[in-house]
Amino acid sequence: MKRTFVKERITVELQNPILIEGLPGLGMVGRIATRYLTKQLKAKKLAKLYSPHFPYYVLVNKKGGVRLLHGNFLFSKGLAGGRDLIFLTGDRQAQTIEGQYDIAGAILDFAEKYHVKLIVTIGGYRKEPKEAPKVVAVSTDSQVLNRALEANAMASPSGNPIVGTAGLLLGLARFRNINALCLLGETRGYMPDPNAAKSVLQVLQRMLGFKVDLTRLDEEIEESKRIVERMHQIEKQRESYAQEARRTEEERITYIS
Amino acid sequence: MKRTFVKERITVELQNPILIEGLPGLGMVGRIATRYLTKQLKAKKLAKLYSPHFPYYVLVNKKGGVRLLHGNFLFSKGLAGGRDLIFLTGDRQAQTIEGQYDIAGAILDFAEKYHVKLIVTIGGYRKEPKEAPKVVAVSTDSQVLNRALEANAMASPSGNPIVGTAGLLLGLARFRNINALCLLGETRGYMPDPNAAKSVLQVLQRMLGFKVDLTRLDEEIEESKRIVERMHQIEKQRESYAQEARRTEEERITYIS
Amino acid sequence: MKRTFVKERITVELQNPILIEGLPGLGMVGRIATRYLTKQLKAKKLAKLYSPHFPYYVLVNKKGGVRLLHGNFLFSKGLAGGRDLIFLTGDRQAQTIEGQYDIAGAILDFAEKYHVKLIVTIGGYRKEPKEAPKVVAVSTDSQVLNRALEANAMASPSGNPIVGTAGLLLGLARFRNINALCLLGETRGYMPDPNAAKSVLQVLQRMLGFKVDLTRLDEEIEESKRIVERMHQIEKQRESYAQEARRTEEERITYIS
Amino acid sequence: MKRTFVKERITVELQNPILIEGLPGLGMVGRIATRYLTKQLKAKKLAKLYSPHFPYYVLVNKKGGVRLLHGNFLFSKGLAGGRDLIFLTGDRQAQTIEGQYDIAGAILDFAEKYHVKLIVTIGGYRKEPKEAPKVVAVSTDSQVLNRALEANAMASPSGNPIVGTAGLLLGLARFRNINALCLLGETRGYMPDPNAAKSVLQVLQRMLGFKVDLTRLDEEIEESKRIVERMHQIEKQRESYAQEARRTEEERITYIS
């Protein structure tokens, strides 16, 4: 494999579709949100994106087979006010600079083929959330941005970087005359964060006027909280062991002096 | 040299051949197993694979000449139940992401040329083996997988990565309508492990219905055990010296206080 | 995006234009100097340079939109003794070796299109300046070099490297029959240095015979001095805290012995 | 610049020329030896090799100009038993794997153009030399190897790697039906080593039957010895200061206990 390519599974007619992208990134916010949507909406497989810029390993799947790392395009019809949805999620992002630009270009080629006029990219931004994680919005188009702000997203301070595919798609979309919006959920970022994903989905639903049941995401959030608490306990214990060890060491030093 | 290419030495007619790949990797399991097979079966040279993605050095050979790092295709006729075997082993794997995909593609081009319908890749996975090293199998095809499991391989837990050429060949084989199986021997991985290679060869023999003498591999295993023991002794000695040094240091500190 | 490309905004007629390049680098000297010139001269936008060799993020702009990292070509007419000026500044330099050569080549393609016969690149070189920062000049052409030396620049010792676009443009200019001059301002280099930029601008003005008001740059210099002083104070304080902490530690050790 | 290319200065007729390559590497042995030869033989400039795989900086030259990093082809007529010589030396080697293969390929293209039938590459190998540094030879051709061994070179143990252009040219030469020999001088390798270069030149002279005055190289060797001695003294002094500092620290600790 020498080039990034998209292998289409089927060809469908889609009404004025919106592309929602959520590849793995900070706190896995984009991937969790997009995958949750595809499951709740029973989205159907559309195409796969393969690339020599993904890491060079394969993953064992449930049936003892393997799969090449790839991006997954899915679709769901008749939801967002008469508009259809295309989703893109996947295993990993590109590993090189040139690969990142190349894959973003291949995604936009595919979007153009389906006459996509709006792309929504989802990601996380690092911040200790106080209550419910906030959602920041930036867009290539002021009207689209306003709709996001009306749906409870916040404006981003100027100068901030948006790293990876979620950012590049916005930067490159203008060359294709496609509008793009990026929604970033507040996250500590050091582990998968379904809570940030939920905040993003709430903004997205309000904006696009559809409704999916978020109950199952709440279960993931509870599970995630339990893991964080357990990690904190282990950390505390480790710390208290370390103190104990230091005390013993000090006593030993006292003794030998 | 700008591109990966295969330089063919001869052209042969091969009956429904199986390609067995074992490039250097964890514990050198694939390389040891594949090279052992080619020696026991007196396999003949078929072709060499050169690539600008291999490391940029050459190796001095026995006659005071040098050889470019490369992959080696060999073949052996009339063994596996009327099917012939092609082997691929070599010096190193590609050093870049894009190189890994490129070389895996070149291997599959060559396999297609010989109408290969089954590829077996061999590698190691890191685990402290308790008794005889176990062998894990994954495959693009459930029938092939079953044959490996019947031959005493274990199924792999889902989600595990298979890194490098052994994995990529499986991931990319489906684009060529080639079935592929990966056999991974349990290994500590920090030095060449003929024991893991033996376990893999036992599975492979049962599966493909041929028999090679493994006595010489047993000699390598004994030699390898001796090296490991010597390393452990050196490590112990080093540790006891270090303790002695710390004690002396402590006494010195006691003295100066 | 697979290739570096220049997207032209307008086409203008320029009289024997000089290209002045100042991309981010050591002490941001080139970028500060070039941007200051474009603002004072109210330079107009000419073209943008995009490349898959820039880092793979976008930056949020003031209106809540984003922009892809890029280079900015601007122009200003009727200033340098009947000659027009083209400016190139931008967000970042290329991130890979091959990218650096590629982008320098694209800049020279653009320069050729406008029949540029002289390129001036601006950067910094690391040295603790004693009074006003000195400016070092090197050039592909001895006459151009002499004009810079007469304008108060110093000759560079031989053997010094000039890293990045500022250097490569000089190295590659000869293949296009373009003369090039590099002006490097003395800078500590660890933070944006408007003072070094001012020294370079003074040389440039004398050389090319134009005059811009440098008052606003003086304000930046004052602000920069305040920041440096504040950093020194913080550093001193940190140091005195650290001493205090060590003393406390020592007392504790004394106590336990 | 997107590709490696050779810019020819003149075209000459050369009699069955031998290409002698010495790019910078371990101990700078190849570069020192080759440059010394070109100076003693008053070799003339033939061509330059430019590449986007060299580091992305330029070097200031004596006249206040700059030069792009490049390789230098020179030639000398009527020396080696009726055969002419082509030399290749330069500033640096390629910085990436693919760049190394690419540049080696470009060198061989140029060699083919001049119908070169023998290439001699020069480098260093790391070893503490006891008396005069030894020279190791490897070759693609057993007759050429024998001539080197008769000229006082030693055979190399099998399995050793030869890194970089000096090695790759040997590995790739066979695809062009060119014989190649690599001469490696024993060197500590941590600084330019004219002594190792001298040993290589002595072998080369005996082999090819020409004679150059090595007196000036002896001066470089003396200078190099003085530098090494000075470095040893500085190192000793640094060590004795460090011991003093440790003693003071210990006394302080003694005091506070």
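Think of it as A, B, C and D in the order they're written, each chain with its own count starting at 1.
Criterion: a contact is a pair of C-beta atoms (placed from the backbone, for glycine too) under 8 Å apart; a residue touches a chain by one contact, two chains touch by 3 or more.
As the structure is a computational prediction, the values presented were derived from the model and not from experiment.
Touching chain B and chain D together: no chain. When every chain is reduced to the mean of its CA atoms, the largest separation from chain B belongs to C. For the two copies, chain A and chain C, the CA superposition rotation is 90 degrees, given to the nearest 5.
Centre-to-centre, using mean CA coordinates, chain C is 36 Å away from chain D. Each chain gets one centre point, the mean of its Cα atoms, and the points for chain B and chain C are 51 Å apart. Under the contact definition stated at the top, the residues of chain B that touch 2 or more other chains are 257. If touching chains are joined by edges, the resulting network of the protein chains shown is one closed cycle, each chain touching exactly two neighbours. Counting only pairs that meet the touch rule, the chains in contact are A-B, A-C, B-D, C-D. The residues of chain D lying in touch with chain B in their complex are 94, 97-98, 100-102, 104-105, 137-142, 145, 155-164, 167-168, 170-172, 175, 182, 250, 253-254, 257.
Within the complex formed with chain C, the residues of chain D that make contact are 1-2, 52-69, 95-96, 99, 256-257.
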